[in-house]
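Next come two complexes built around subunit A: one with subunit B, the other with subunit C.
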Partner chain A sequence: MNKLGGAIYEIHHMDEMAEKDQWLNRIHPLVKLILTVCYIAVTVSFPKYNMEGLLCMGVYPIALFILGEIPFRDSLRRLRIVLPLVCFVGLFNPFFERQPVLALGGITVTTGMVSMLTLMIKGIYSVFASYLFIASTSIEKICYAMRLLHIPSVLVTQVLLTYRYISVLLGEANRMMQAYSLRAPNQKGVHFKVWGSLAGQLLLRSMDRAAEVYESMTLRGYCGEFCYAAGTPCRWKDYLYLGGWCAVFLFVRGRSIFW
Partner chain B sequence: MHMADALVSPAVAGAMYLCSTAAAAYSIKKVRLENDTRKIPVMGVMGAFVFAAQMINFTIPGTGSSGHLCGGMMLTALLGPYASFLTMIGVLLIQCLLFADGGLLALGCNIWNMAFYGCFLGYFLIWRPMQKNGLAKGKVIAASILGSMAALQLGAFSVTLETMVSGITELPFSIFAGAMQPIHLAIGFVEGLITAAVLLFVYEARPEMLDSPQEAKREGRLSFLHTMAVLGIAAALVGGGLSLAASANPDGLEWSIERVTGSTELNAGNGSAYAVAEQIQKSTALLPDYAFKGSESALGTTFSGVAGSIAVLAVCVGVCFGFRFFRRKRQ
Partner chain C sequence: MYAGRASRQEKNLRKELEIMSHIHIAFNHVNFSYEKSAPILQDITFTAHEHDSIGLIGANGVGKSTLLKLLVGLNLNYEGSIRIEEIPVAKETLPKIREKIGYVFQDSDSQLFMPRVFDDVAFAPRNYGLPEEEVKKRVEKALAMTKIGHLKDKQIYKMSGGEKKLASIATILAMTPDIILMDEPSIALDPRNRRNLIHILNGFGHLKIIASHDLDLVLDTCSRVILMHEGRIIQDGGAKEILSDKELLESHGLELPFCMQGQSG
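Take a look at the complex of A and B:
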């Protein structure tokens, strides 16, 4: 599958997962958004040599993967984007920090190795947390949560529309690329002579589509403001879920500070 | 160049969220002032276009590798700086959530690094000045390449700074920046070429779609006096307020001299020329060592800051007027 096809599949797959009727999906989107940001912030706030505390933070993704029945293998694929840059940054730490910490068999573990490992763990945990959030929450619900946080409707509507049209334009780009590759076999990528016309055609079509979208929205009563259906309010279960996890995070973080 | 959450500390992430939020709030205000309901669907579809176009691999001749489109610069040329900045926020948010391309906590950093420079600096410092006297083929190419390169260079530098300030890596700043900047210079050039190719196609097919600064000029902008007043107040605030927090420690040069000679001040030579020059400096210096003569009060430091700002501003204005006078005379 090519890159465009893969992206289309990924979007549909995430949509399907977010639409499932499971307990994790039913939790209020604002609660999940706040919890995800809190978890990532607490995770990255750990000192670079605190491996023990950081490992304890793994309880959140592990619990949600198991209890939420979210496929773990899919989330591993997402690491391929994050890990290279994190590794590039962390890879040099063992060369600059050579103070020995402990000896495992014949290998001396240095502070640089520990800081490199903690950096990688932080990267992995934060990817897992974002994945768990998006796998259990549809983009419409995320936008609803953003509106509850008083993020202006201009921005939220724009995000919603971008998401709505991504799969349409990815499909269009995919068809264009298929047609191009059939006419230019054994060629990797787009030849520089058609850089402008290929992407330019897609751009012009997108602009025409935007005009059609606007007209159809206007016919349905759009006047610059989107009307959102009244969402469900937070229930006591949501508050309990938020409070429980926040207590766990604070306990693990506080433990590393005070003990 | 998308930053992962692990590469930033919560403090840096928070600070960058604040900066990006300020830019977004200003952009939202500007887009609302335009009162064009057509713009929001266009922004949505254009965001989706950038997303799709960035997945197309453009072959770089003679290298075997491929490049992508520079979204920020292309959008700013089509939608203007404010709408393009908001569009890029949407694209980055969706990339972060759906494809783990950049972290949720680092979103503020990514918006700043990848949207702010391309949309605002690319527009106000490159696209608008270059297209001031009307659109032209060569100018579209030059602005696209320059804009993309500048945006990527500044973005890469910001990534380096944010990572270093977060205390994530033990890599020395010079090595990190030395690794990041050259590679992004090459990437910026290629992305600029691809962006230029697309914008050129639009210029030839539908030139009215490109943002023309001539129209923006007619709509009105900050007057000269208004701009000077804002700059003056900012300079006075920075000079007057922040000078109180000025470090009493020696600066880099003084520190180096201290290491060599044992004192932050160099001893003047024995010649009479030195003595005369020192005497002139003493008698003409209004605020020696950034304070009132014979006083160490904080008021003197503040006054020095404000006075210095005004003096620098006056010199700049004088130089600009002088430059304009001689240029007109030559014409």
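Take a look at the complex of A and C:
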């Protein structure tokens, strides 16, 4: 499978994961959305030297990986581009904050090192929380939850259609690359002379396909407002799940403030 | 005697009006082109009635798909007049017109955009504000009609070309349309699914227009045929007469249906 084919496969695989009939997937999307936002807000609110509190916050992603039966190794592979970027954010802290905190063996740990680690952990946790939300909730349900929060329809539809058109674009690009490689068997990659025409073709084809998809939508009554399946209302299990996790977040965060 | 003639005239007029009221589609001297120098449709005039089943045939690029697209208002800058149930096809009437018409695209990938079959088939009923119970009923009925009930929860990207085609047809059946338009419906179908499609089309009692190169399918499903060539209607008549006219078909880039080729030889 080539790179583009792999990317399409990954998108479809994520869709499949989100559609699985599983305990975590059955939690109301609004509850999961609120929890994800709360978790990220609480995580980033920790002081930059509070390593202990942050480590305790790790319980949420760990629990979700287990409850949702989401493979951790696959997740790391999917996030291999994002995670290093997130870690890069705090990389310069050790150079600016050099006050020693403790000595581990022969190495002096400075405040800069601690703040770098906490920044990295905050970033990693936030990425994991978002990933776990997406992996356990289909895009339609995410958009439905956003509408329940009264996020404007235009924005929500943008999110939904952008997600749908990504696979359309990748599909077109994949077909073009396959056609190219079959007629240029000895070439590695695409020759620079045809970059322009390939990119232009891709744009035109994608526009055509997107126009056809849009026509198909309008022919079936679409007029700017996506009608989502009215999901089941929040049940007591959903409230319990939300309340339970909020209590954990408040306890961990409150502990670092009051004790 | 005078009174008798008057009543006969009245009867004729009533009959004419009755026929008029059952006219579902009326094309009147329609011309269409993207550029003035290259006309795509020229002087298209025909009417279609409530229970007509019309096969739209012609070689590649004669304007069959364009004609279907004009009917659902996907191209609006035409000359002449197009009316669907007496409603002119114009920007402001499109929602009303599109509610009556189910259009099956040539390429199923353009028609199906939701992740699962159920969601795609439910897309139109939900847009028309039906309660979820009714949506479910309609979806199940449409899937049963196309015999793909078992694919209800299947991811669309995992489906074969034939399954996608049947799912596309189900998406429009769920709208319970008065008119069905199909652009090359038998493409990608294996013989069994093709027979299934013929069965579905013959079971649909309302007006249907099928643009296809599959003349055997047209012969099996349509009682009337419109033959097009270079953007014009060349012949409009009974399916059997037109589809058995070897000379006529060959002079317009077509061949006799397979089932008739043995007979003519």
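Heads up, the rule we're going with is that the second predicted complex is superposed on the first by the 227 of 259 C-alpha atoms of A that agree within 3 Å, B and C clash if a C-alpha of one lies under 4 Å from a C-alpha of the other, contacts with A are read in each partner's own complex, and residues count from 1 in each chain.
Keep in mind that, in the parts below, contacts are C-beta pairs under 8 Å (C-beta built on N, C-alpha and C of every residue); 3 or more make two chains touch, one makes a residue touch a chain.
Model, not experiment: these values are computed from the prediction.
Of the two partner chains placed by the overlay, only subunit B lies in contact with A:188; subunit C stays clear of it. Of the two partner chains placed by superposition, only subunit C is touched by A:220; subunit B is not. Of the two partner chains, neither subunit B nor subunit C is touched by A:136.
When both complexes are overlaid on chain A, the residue A:209 reaches subunit B and subunit C alike. Contacts of A:44 after superposition on the shared chain: subunit B is touched, whereas subunit C is not.
Look at A:110: by the touch rule set out above, it reaches neither subunit B nor subunit C. Of the two partner chains placed by superposition, A:25 touches none, neither subunit B nor subunit C. Of the two partner chains, subunit B and subunit C are each touched by A:164. Touched residues of subunit A were counted for both subunit B and subunit C, and B has more of them.
Of the two partner chains placed by superposition, only subunit C is touched by A:12; subunit B is not.
In the superposition on chain A, subunit A positions 139, 164, 209, 213, 217-218, 222-223 are in contact with subunit B in one complex as well as with subunit C in the other.
Only residues 2-10, 13, 24, 28, 31-32, 35, 37-38, 40-49, 51-53, 55-61, 64, 66, 69, 86-87, 89-91, 93-94, 96-101, 103-105, 163, 167-171, 175, 193-194, 197-198, 200-202, 205-206, 209 of subunit B touch subunit A when the two sit together in their complex. Looking at the complex, you find that subunit C touches subunit A at residues 72, 74, 94-95, 98-99, 101, 103, 105, 107, 109-111, 113-116, 119, 122-124, 126-129, 132, 155, 157-158, 171-172, 175. On subunit A, the positions that touch subunit B within their shared complex are 3-4, 7, 10-11, 14, 36-37, 40-41, 43-45, 48, 78-79, 81-82, 85-86, 89-90, 92-93, 95-97, 112, 115, 119-120, 122-123, 126-127, 129-131, 133-134, 139, 142, 152, 154-155, 157-166, 168-170, 172-173, 177, 187-192, 195-204, 206-207, 209-211, 213-214, 217-218, 222-224. Residue ranges of subunit A in contact with subunit C, taken from their complex: 12, 15-16, 19, 138-140, 164, 167, 171, 209, 212-213, 215-223, 227-230.
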